[in-house]
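There are structures below to look over.
Each of the next two complexes has chain A plus one more chain, namely chain B in the first and chain C in the second.
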Partner chain A sequence: MTTDHPLTAPRVAGAIPAFRKLPQTRARAPSASSVRWGGYLGTILKGLGLAVFAFMLFGPLANLALWSVAERWYTPFKLPVTYGLRYWEVVFRPTGDAMSSLATSVSIACLTVVVALAVSVPAGYALARLKLPLRTLLMIVFLLPQAFPSVAIYINVARVFYTLGLTGTIPGVVLVHAAHGLVYSVWIAAAAFAAVDRDLELAARNIGASPLRTFFTITLPLAAPGIMASAIFVFLESLDEFTGTFFVGVPQVTTLPLLLYNASMGGNYQIASITALILLVPSVLFMLFIERFLKADVLSKVGQ
Partner chain B sequence: MDHSAFPAIDIDRLHVSYGSQPVLHGVNLSVAAGEFIAILGSSGCGKTTLLRTIAGFQKATDGAIRLFGRDVVNMPPEKRGMAMMFQSYALWPHMTVLGNVGYGLRLRGIARDEIRQRVAAILKMLNLSGLEDRKVTNLSGGQRQRVALGRALAIEPEILLLDEPLSNLDAKVRIQLRSEIKSLQNRLGFTAIHVTHDREEAMTMADRIVVMDAGRIAQIGSPKEVFDHPSSPFVASFMGAENTIALDVRPAADGVEVSVENGRSASWNGSGVMGPVTAYFRDDVASLDDPDALIDGSIILPGRITQRTYPGGHYRYVVAIKDRHFTVTDDRYHELDRAVGLRLPLASLHLFPTLETPGETHA
Partner chain C sequence: MTRPSFFGLILIAPALAMIAALFLYPLGFSLVSAFTVPGGGFSLTHFEKAIDLYSTDILFTLFIVILSTLLTAAISIAIAGALTLGETPWLIASLRFLYRWPLFIPFIVAAQCMRTFLAKNGLMNNSLVAMGVLEPLQTTSFLDWRGIVITFVWKQVPFVTLMLAGAMASIDRATIEAGRNLGASRLRVLFEIVLPQVTQTLLVGLVLSFVTMLSVLSVPMMVAGSQPTMMTVDMAFRINSYGDYATANALGVISYAIAGAVAWIYLRHNVKREVGA
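For the complex of A and B:
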C-alpha cells in the first residue's frame, strides 16, 4: 500500500459531466424545450426538497433562538410579546445553576474521554492487529450496551452503583458515560489502527525500535486522527447524555441536559432554550473538526 | 569485531508454516560476509517468507538462522541488527525525509546535530541533497525508495535485506537504482539478500543466485552457472529455456549419437544423460539452416516459416515443426512458407531425463 490516499473528490466531479450528457444521447433525442422544462422542474423539486430539509433542521433551532430572547410569550400570540436578554443574564450570572452545570458537564465529558481512550486505544490496537480467536465476538460485546433498552440497564446499574457508593458521584456518572462511549471509541480506534500499514511498523522494528517505541512513534501518530475523532464522539455523547446521568447522578450531579430537563419541566422555556443552545456549540465545533480528521480509508474500516 | 570465522548468514534446515500450511520445507543457505545474494522465484515460492523470517517478522517452526555464528531464530527483529527495504517503501508519512532517515540514529541516542550531519552525508550519497525537510509524501517513487535505502543504510547495517524494492518503479529508475545499490554495496561492503522475481535484476546484481521452487531451494550458484547449467527442468525453464523437444541419446563409437523423431540424428562428442531425454532451450540458441544440412554437434529439425517480423537489427521468424512453433532470429531475409531447418547446437541444450508422465508433447 502506498502512503498517499487517492482522492475521491475528483472522481466524483468527473462523474457529473458524464451524467449531464445522458439526456443528449441520440437514442432518446428529446426536444430542446422538453429538456429545458425537465431541467426547471428538477431544479424546483430539488429546491423544495432542500427547503423542507432545511426547515426540519433549522425550524426547531429557530424556535429555540426565539424562546431564548422571549421575555413574555403566551397564547394566542404567534410571536413573543416582549423581547429581551434577561434570561441570558440569569443563565450566565456567576452564581447561576447553568454555569456550574456547564462546568460539571465539561469535566465529566473530559474524564469520560480519558477513561474511554484508556480502554479503546489498547483494545482497538489488539482488535486491529492481533489474531484474536473471538475477535468478532469481542467487537459485538462493545455493541451490546446499545442493544438493550437503556432505561432497564441504567436502573440496574444504579442499583449496583448504590451498593458501591457510586450513585450521585462524578466517578459513577463518568463510568456510565464511558461504557456508552466505548461503543464508538473501540470500533473507530480498531479501524484507525487497522488502516496503519503493517510494513510501517515492521520497518521501525527492523532498524532497532522496540515494540513499545514503535507503537508510540509510528502506530499511534498514524492512527491519531481516527483516535481523535473517536475522542470527540465520546465527548459529545457524554455532553448530551441524559438517561444514565439521571439514574446514577441525581440529585448531587447536575449536568446541562439535567438542568434543561428540570427547566422545561418547570415551564421555564427560556432557561431550557438557552441551555440547549449552549449544548449545541461544542457539537457544531467538533463536527467541523471530525470532518477534517476522519479520512475515508479509516471510515471504510469501521466494523471490519 | 572479528566475524570472518563465520558466514554472515547461515540458514540451517529452516521450516516455516502459516498455521498448518507449510511454506518453507527445510531451507539451507550460507551467505559469506559481503556477498550479494539474489533469491529468485515465481510468486508463492516462499522467497518473501524466507526473507521475512530472516528479518524476524515471521516465526520459524523449525531450524536455525545464525548471523555471524549467533543464533537469532528466537530473537525479535529489533535485536538482529539488519535493515530492510520494502516493496511498498514503508516510509513514515508523518515524518520528513530527515525524520525517516534519522529514525534509526535517534533510536541509538545520537545527538540531534550529529544526526543532521550524518543524514546529510547519506542524502548526498543518494543524490537527495537538500531534501531533509521535505515530506516523504511529496517525493517521486524513485526518490522515496532512495530515502528508504538511506533509512536502511543510516544504521550502518551489516546485512541489508531487499524485498523486491525495485518492482514498483518504472523501468528507467529501476535500472538506475539497481546499479546504485550494487555500487553502494561494493563501497560499504554490507551483505545483501535481494528477493526478486525479475531474472535480469537477479543476474546483474547478484554474486550468487538462489532459485526457489515451492518452498525449497532448487539451485544455488553464480549467475553464469545457473544460467548455463541449470540443475533441473524447473530452473532451466525459469531461466528462460522454455522450449522443449524430446531427444534420444545413445552411446556411439566416438561420443554419443543423438536422434530426434522426424529429424536427422547427429553425433556429438559431449556426454551426460543417456536414453530418452527432454531438451530445454532458449529462443536465442536456435538458428536457421538448410533442412538437409548435416552438422556435427547440432541437430536439425525440418520445418516451415509461418511468420516473419522485423523488430530491428535482424528478422524474427516463427518456424512450425509439425504442430509446434519455435521462435528464431536470423539476419537474412526468407520468404514465408519456406522449408527450413531449425538448427540446435547440442552443447547449448539443457538435457534432462524424460519423466515418465503421459501427456508430454513431443516435437
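For the complex of A and C:
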C-alpha cells in the first residue's frame, strides 16, 4: 500500500536548480569523531526506541501465547509454573464447546459472505457502471452501520428480531453480520467493477455477445480478485464480530468471540487465550497478504 | 447527466433494503423509544434518568475516547513521519514490518491480550521488574481507564498510520526535498510541509477511530472494572438486567450526538478548506 521511495533520492543542496545559490549550511560537517560518536548514540537510541515499540506491540501477544501453554501460573511467578498442552487438548476435543463454537462461527461467516455478496455484487455493478441518482449519498448509506455507535442499533435489532423469532438463531446473526459487512462488500465490489477496462466489454459487445454474456464472461471474471478480497473482509468481520452476536445471538448461538468472552470473564484464561489465538490466525494471515488480494488499481478506486 | 438507470436502481435495491431493515429501522426505533413515554407523546424523562444515573460514565467515555484519539494521532504521526522522512534504512524497514500487526486483530482478542499483559502480575510489570526498572512492590494494575486507553491506541494506531503513511507517500516528494535543502529540520518539514498536505486523511482516520472506540463493548467490559465504565457497558447493563430499553436508548441517542458532533467538526473543516482553496 505504501510505496517506498528510494532513500538515495538526491538530497544534496543543488539537486534542485532553484536552490543552487543558497548557502549550504547542512553540508558543513563538524569534526569527524564527534559525528561518529553522535552516530553511535543515535543508533543506540533508535535501537532502544524500536525495542520499546516492539515490546508494546508484541508483549500482549506474547502474554496470550504464554497463557495458552500455561498449565499452572500463579502470582509470585513471573513465568508459568508448569507448561503443557492440556488445555489445547480440551479445546480441540471433538465434543468440546470450542469445536462447536468454531463450527458455528465458520458456518455463520460463510453464510454471511453468501448473503453479503448476493446483494452487493449487483449493487457494486450498479454503482460502478450505471447512472444512479444521488450516488454519493447511496455510497454513504452503506458506510453508516460502520460509522455509527453500534450498540444502540443492535439492542433495537434484537428487540425487533425478538418479535420475529429471530433472536438466538443463526439466520438472525447472519443478517446482523451481513449488514455490518456491506460497506466492505459494496465499496470494494464497486471499486473492482470500476477497475475493469470498459473497452474489453465494448469489444465483446461488438462481436455480438449479449449484455448478460458480456457480464458473466468478461466483467465478472476480471472483477473476481476484488470481489474475492471483499469476501475475505466480510468473512473476517463476521468471524470477529462480538457486539451484534452478544445482543442478537444469545443464549443459543455461541460463536468463538462469545466463547472467548465467557471463558475470560469466568477466569479461565487458558481457554480464552487459545480461543483468541484461533481468532488471531486468519487476522494475521490477512494482514500479511492483503496486498496480494487488493491490487493498487482497485484500492485507488475504493470509496469513489 | 442522462436519465438515471431504472435497471441500476433494481440492482441496488436489495442492498438498500437490507440497510433500511437492519440499520435505519432500528435507528428510528431507538429514537422513538428514547423520546416517548409508554402512553405516547414526546418526553425527555428518559434523558433525565440517563443523565441522572450515568453522567459520570458519559464524561468518562468522552475522556477515554478523546484521549485515545489524541494519543493515536500523535503516535501515528510519529510513525508515519519516521517512515516518510527517516534516513536510517534498517529502522524504516523494521518499523514498516512491525507497526501493522494489530491491524486486523479483533477488539475482543486485543482485550484478552491486555487483560493479562497489563495486570498487576502481567508480563509488562514482570518484565519491568526483571529488568530492574521497577521494584515488585511498586507494580500496579493498569486495568482501569489506562488499560482501555492503551488497548484502543494499540488497536487503532496501525489503522491510522496505514492511511497516513499511504497519503504521505503520495505527496510531491519535491516539496520535502526543497524544505530539507533549505536547511529545515526533519521535524519542521514534518509539521510544516508534510502534515498540512495530509490533514484530510488524518482527520478521516481519526473520526472513524473515534466512532469505533465509542462503539466498542468488549474492551471496557474485559479490560476495566465496573465503575466508572463506558456508555456501551451501561446500555448492555440496562437491557440485560432491567429490560430497560428507554434509558438504554436515551444513552444511545447521547452517543449518536457525540459521534454526530465529531462528524460535524470534520465536515466544517472540509467546508473551510474548500472555501479557502
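The rule is simple: the second predicted complex is superposed on the first by the 244 of 304 C-alpha atoms of A that agree within 3 Å, B and C clash if a C-alpha of one lies under 4 Å from a C-alpha of the other, contacts with A are read in each partner's own complex, and residues count from 1 in each chain.
Here, contacts are C-beta pairs under 8 Å (C-beta built on N, C-alpha and C of every residue); 3 or more make two chains touch, one makes a residue touch a chain.
The structure displayed is predicted, hence computed values, not measured ones.
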Item to check | Touching partner for A:Val160 - first (chain B), second (chain C), both, neither | outcome: second
Next on the checklist: So in the superposed three-chain picture, is A:Trp187 touching just chain B, just chain C, both, or none of them (first/second/both/neither)?
Outcome noted: neither
Checklist entry - Where does A:Val176 make contact in the superposed view: on chain B (first), on chain C (second), on both, or on neither? => result second
Next on the checklist: Between chain B and chain C, whom does A:Ser210 touch in the aligned arrangement: first, second, both, or neither?
Outcome noted: first
Checklist entry - Which chain, chain B or chain C, is in touch with more residues of chain A? => result C
Checklist entry - Should A:Leu280 be classified as contacting the first partner (chain B), the second (chain C), both, or neither? => result second
Checklist entry - Where on chain A do the contacts with chain B and the contacts with chain C coincide? => result 1-4
Checklist outcome for this item: The chain A residues in contact with chain B across the complex are 1-4, 197, 199-200, 202-211, 213, 217-218, 221-222
Checklist entry - Which of the residues in chain A end up touching chain C in this complex? => result 1-5, 7, 9-13, 15-16, 18-19, 22, 25-26, 43, 46, 50, 53-64, 66-67, 75, 78-79, 118-120, 122-123, 125-127, 130-133, 138, 141-142, 144-160, 175-176, 178-179, 182, 186, 236, 239-240, 242-243, 246-247, 257, 260-261, 264-265, 269, 272-273, 276, 279-280, 283-284, 286-287
Checklist outcome for this item: Interface with chain A, chain C side, in the complex: residues 1-5, 7-9, 11-12, 14-16, 18-19, 22-23, 25-27, 29-30, 33, 83, 87-89, 91-92, 94-96, 98-118, 121-124, 126-127, 129-130, 154, 162, 165-166, 169-170, 173-174, 177-178, 180-183, 207-208, 211, 214-218, 221-222, 232, 235-236, 239, 245, 248-249, 251-253, 255-256, 258-259, 263
Checklist outcome for this item: Note: in the complex, chain B contacts chain A through residues 55-57, 76-78, 81-84, 86, 88-94, 103-104, 107-108, 136-137, 148, 151-152, 154-155, 157
